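In the two complexes that follow, chain A is the common piece, with chain B as its partner first and chain C second.
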Partner chain A sequence: MKCIIPGANIKVFGKAIHSLSKIGEELYLEPLEHGLALRTVNVARSAYGCFVFAPEFFYHYDNSWSGPEGEMGEEEETFKCKIQMKSVLAVFRSLPTLERTVDRCKVTLDEGPRLVFQLYCKHSITKTYNLTFQECETLQAVFSKDLCPNAITAQPKLLTEVVQNFQVSLEEITLIVSPEKVILKNYVESEPDPSKVLHTQMSLAAEEFDYFQIGVDTELTFCLKELRAILAFAEAAGMPISLHFETSGKPIVFSLEGDPAFDSNFVMATLADLGSTQGSQSSQQQALNRPSTSKTKRTAKRTQQQTRRNESGMMENRRFQENRQPNRSCAGGGSFLPMDSGFDDMMNDGMDDVMAMGANEMEEALSQEAAQQRNGTSLHEASPERSGSPEIPLELGKRPRAHYPEEKPTSHDQSHDDVSMVMEEEEQEQEDLVPGTPPSKRFRSMFFGISSQSQATQAPTDTAEVLCEDTDDED
Partner chain B sequence: MRFRAKIVDIACIQHFTRVVSTISKLCKTCTFRLTPGKIYFILSEQVANGGVSMWCELPQANFFDQFQMDGVSTEDNEIYLELVPDNMSRALKSAQAAKLVKIKLTKKHAACLTFEIELPSLTNQSRTVVHDVPVNVIARRLWGEYQEPAMPQFDVSVYLPPLKTIKTVVEKMKNLSNFLVLSANRNGDMTLKVETDLASVTTLFRDLETPSWSREEESGLCPSDRDPEEMAEARVDIRKFSQFLVGQQVNPDRIICNIVDGNILHFFVLHEDLSLQYFIPTVAV
Partner chain C sequence: MSLSTQQGDEDDNNILVAKVDNARNISNILKAIHFRDTATVFASSNGLKVTVEESKCVQANAFIQAGVFQEYTIRQDSATFKVNLTVLLECLTIFGSSSAPGMNTALKMCYAGYGSPLQLLLEEGGVLTDCSIKTMEPDEMLDFGFSSANVENKVIMKSECLREAWSELDMTSEVLQILMSPDKPYFRLSTFGYAGSIHADYPKDSDMVESFQCEQTQTNRYKLSLLKPSVKALSLSCKISIRTDHRGFLSLQYMVRNEDGQVSFVEYYCCPDEEVEE
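Here is the complex of A and B:
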């Protein structure tokens, strides 16, 4: 892969990296045919950011891979890697300076173990940065903006001014929309005492927005820090921000469109409120899990996973790749596909109540599979391996449950589309589960939700399986 | 109990914001007292917590375009609230370009001082920001704890040198020691001193002006027979002193420093539309 960024575009590229650096600690780089993708996900997996720079953005763009063939899977068309955000940030640290002095920037990822950034500056000075990278799977959040009933477009200045009214230390913000207006308020956790905390609320008339379409009144809570990162870029780029969202618990998508040279999307998990979400969540999750994989695939994956577990990351990658394909197909949903093992930690932490449902749209696809899934469920219960299946997040939370004779978890997973039928069961299950699960912290749940999303969407099978297995092993 | 007030003038909004910001830098929680003519910010710390106290009063007419209140009763037409001034300061940060700020006492999830701020927008309708600052209402029987501290019978009174100068000096001294000895005499000499095992650092200011307290002298509040060369000194927690200096956001005209030898430091911040007193007790060696 080789591309050359013209001096005039260095600033935008650098700003993109700056904004991603405020979200995640690793930068995922993937040269695609239609452009260079830069992606990241935060540690909690509740926020994902992606920029795709089109070939027009560059002087020269060549995404072909000319490195060692051996490492490439046959199915892989492109080579993907991730690098430490800190190291890329070092290249683009001072944007004003870069803008003044750099004529062009060449990025190469070819033979050799390094990703190379070369800054060709004035006076024939060339600065070369050799960054180590790690091969990895595609990081991809699965989401669809088109199906969201709610869409708002705003100038970045408006949102920046809104955000300024909130404390810097505030973690989450709640967005309440109705056809006439938008209300933002600080999300107040139940601890410490909410009556001792400053409450802030701001309302904006619909007319303040460039585009305002609210199909469903709703209330969403999401992270403010990541929103600030997005706004910082949007304001620098002077591009309006579009928000696409549905209801609480489903992801919200921020996108910047309108520049043919690049586009960017940020997906954030939203906090699902316990009361309303549980039933639907579980169903959704199932849906997520279901999406692409057939039973057989799952089993295959499972085995893979196990092997992988025992072995090394390489295995993981493999596995992922295989799974990948199916997953991608299910891109309608709204969940993340982070593939790393980092996941596992999260999952272990708190699967208690998986709150956020990533994949809204997934359900349709899922429904089709639901029947299959059902079958799968039975399988699930039967074999411990099964647990490895996509639903893992739920299961983890519920693990205690596993001891119960009737394994609801399976029903969970499968029930997804059959929700109507299964709902009752699920609810019961959940209740059952509750005692076993650690007290759910609402905040956490958000992340879980995300992770669950990611699992579900991502590799309906893969990630989830991994998690499950881990836990099983430990047990 | 009812209270509602409104500020329209942006200069007043900003000035009030600076006052609140000053207060928020001086204390974590304070008492906010409302009377029909004035508002007060009061701090009276327990001796165990350092014993610092603060008294700040503002005539409400200097700030508010509208000010209505009904106190606890017609005889005691006052309201005492306990609040975190930092919350108030944060709320007012939204108001730096506001068209209007309304402050009122409300009962929401808890007793609150609600700040309703109208901001200009791109459309006809204003943007509104609402901040609910939680407060505790202080019962009538406890009001006695928040009376204005009596003016101490000081030994020496001088005007502090320019804030910026003294602030720099104290900030540096803060790195050396936790305690500072401030001494001054009636001739207008003042020294700031810190001591450590290895070093003793003294900064001397000369020819400071001294306020005239002729009326107090007559009433015996300030004995006039003291030797003008004799230094009065107070050893105080340097952080408290530095906090006081750094916290000043209102550009006071002058600051008077009164010393009761070996007992207390008393600062009197003079400003055309507010007065602020700050007391730092001395700490024994």
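Here is the complex of A and C:
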């Protein structure tokens, strides 16, 4: 692999890495046919960012790689690796300096094995960064912007100015759209006393946007921190930013497509809203008989998905469900890690499902999914970003993960990782197996139609249907 | 505003009297070596030499020649005392460290010999400050035994090209490796941190390199934590000379031009971490 970035583009490249660094801690690098892909996902799997730099972006672009044979005996076709964000940020630390002093940047793979970034600077000075990396599977979110009924395009300046009006410490922001206007306000539902908190709200008329098409009125809540990172890049690049979304619970896609030389997409999970739409879906869940689904909403979404999917898709889902069930803890359905092969089930689940999964379940899921991959149940190839469902399944190979604490949250918690445990509590309550654990705040709040702070909130509105068995039983 | 009108009979007791119109000419240089709290001042007829040492491995010297002062008198051959450098710098910058045009802090420094405090009189805009800093028994200074005769490799380059590299050195690396060679890569700074290894190459034909004399290839490692403070001196200086001797000892010399165009020197000596045989 060998790519040479011209001096003029180094700033953009560096800025892309800076914005990805605000989302995740590891940078996934994959030189594809159509360009160099830089991707990341956050720890909670609720935000994903991807930049693809086309060959025109480079002086020289060569993605060939003669790697070792893969597990199946065939040759690995592309080089895939992940590097620590901290390491690669060391290369692009000071962007003004880079802009001023660097003539070009060469990225190659060295026997070492090291990923080598060489900066050829003015005055014949050369800086070489030999970075360690880990080989990994492709990190790929599967989502489709085209299937989203709502699409807005705005100049980054507009959104930046709007976002500046909100408190710096604000974590989540709510976007309410209707065909005439857009309202942005800070998310206060999770506050114990919403009337004591500062409310900020801004309205923008449809005319302020470059493109405004709303098919479904909706209210979405997502993380502001990542939006800020996206906007920082968009403003620096001077490119209009497009939002593609559907409803709460479904991911929102931010994309920047102005420059032929590169593409960027950011997918973020949105908080599932407990609106009326959920209630109507709960009745459908019974028909599905999906043992490994823990939540009404997830099932409901699956139902929705099914109506859109073709026959084979559904078949795959069921089989996948069956395969997964024994290893799957009920929480979260492990759905945010749809792997490229045979994980269509995950494709059906929204990113909010992603939140539901704790780290341990993830590892389980991963190993199981990795096994599935090897078994060749692959029905869905690792596809470029524009294919598949509007959900955001992520493809990911074996990844070691930090272990998250497994204590049952007895108080309102904001950790996405603990949501799985919360889910289990809810399960138990639904089964009338109350083991003495106090009901989670999230659970109660769901009844009152108030979502929790976590983006993984599911919406078991009024059902006591047991959709998934306890992990306890499976152990 | 000069303090000549402040002469009194204190001067008879003072073995050292030094006056300068702009205290920043002194304080800026001292900031370049301020990585420990205490410093040893050696005053001679040539001027002041202020020394700071760390771990018996690194020594920094600031040379403020007599010519930098508007008035410099010393009654003995030399005087040596130890003083708290942090306090001294705070006194010198007591009127603030910003450089407002036209408003300079004038300084008169007096020392009456062994045991007496270092007296500072500072004046700016009619406001007078009187400081008396306790002096201490000077410690024995290291003698690195670095002589020009033993210098094997020497590079003189403009400071600006090294500044960014030095300030962005990977601090997760324990050592800074300096390679100097008559062959490629000529001059290379390397760190070995968690991220991997990072090398900065400065070829001898670069227009940033003013002089390049290398007899043989030498690779030496120095503790990064000891050398990192020299970034202050680097940022103040316009030129840097990097020399290593046959033992691998490192000498960094910085040429600092003060606000009035006068030149002073700052020097860092560092002993190598381990011998790397070539």
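Note that in this section the second predicted complex is superposed on the first by the 259 of 475 C-alpha atoms of A that agree within 3 Å, B and C clash if a C-alpha of one lies under 4 Å from a C-alpha of the other, contacts with A are read in each partner's own complex, and residues count from 1 in each chain.
One rule holds in what follows: a contact is a pair of C-beta atoms (placed from the backbone, for glycine too) under 8 Å apart; a residue touches a chain by one contact, two chains touch by 3 or more.
No experiment lies behind these values; they were computed from the predicted model shown.
After superposition on chain A, the partners chain B and chain C are seen to fit next to each other with no clash. By the document's definition of touching, of the two partners only chain C reaches A:H123; chain B does not. Of the two partner chains placed around the shared chain by superposition, chain C is the only one that A:T97 touches, whereas chain B remains out of contact. Touch criterion met: A:K86 reaches chain C, while chain B stays clear of it. When the shared chain is aligned, chain C comes close enough to touch A:T132, but chain B does not. Look at A:S203: by the touch rule set out above, it reaches chain B but stays clear of chain C. With the two structures overlaid on their shared chain A, chain B and chain C come no closer than 9 Å at the level of C-alpha atoms.
Comparing the two complexes, no residue of chain A contacts chain B in one case and chain C in the other. Of all residues in chain B, only 87, 90-91, 93-94, 108-110, 112, 119, 121-125, 127-134 touch chain A in the complex they form. On chain C, the positions that touch chain A within their shared complex are 161, 164-165, 168, 170, 185, 194-203, 205-208. The part of chain A that touches chain B in the complex is made up of residues 158, 161-162, 164-165, 167, 194-205, 207-208.
By the touch criterion given at the top, residues 84, 86-87, 90, 93-94, 97, 101, 114, 123-132 of chain A touch chain C in their complex.
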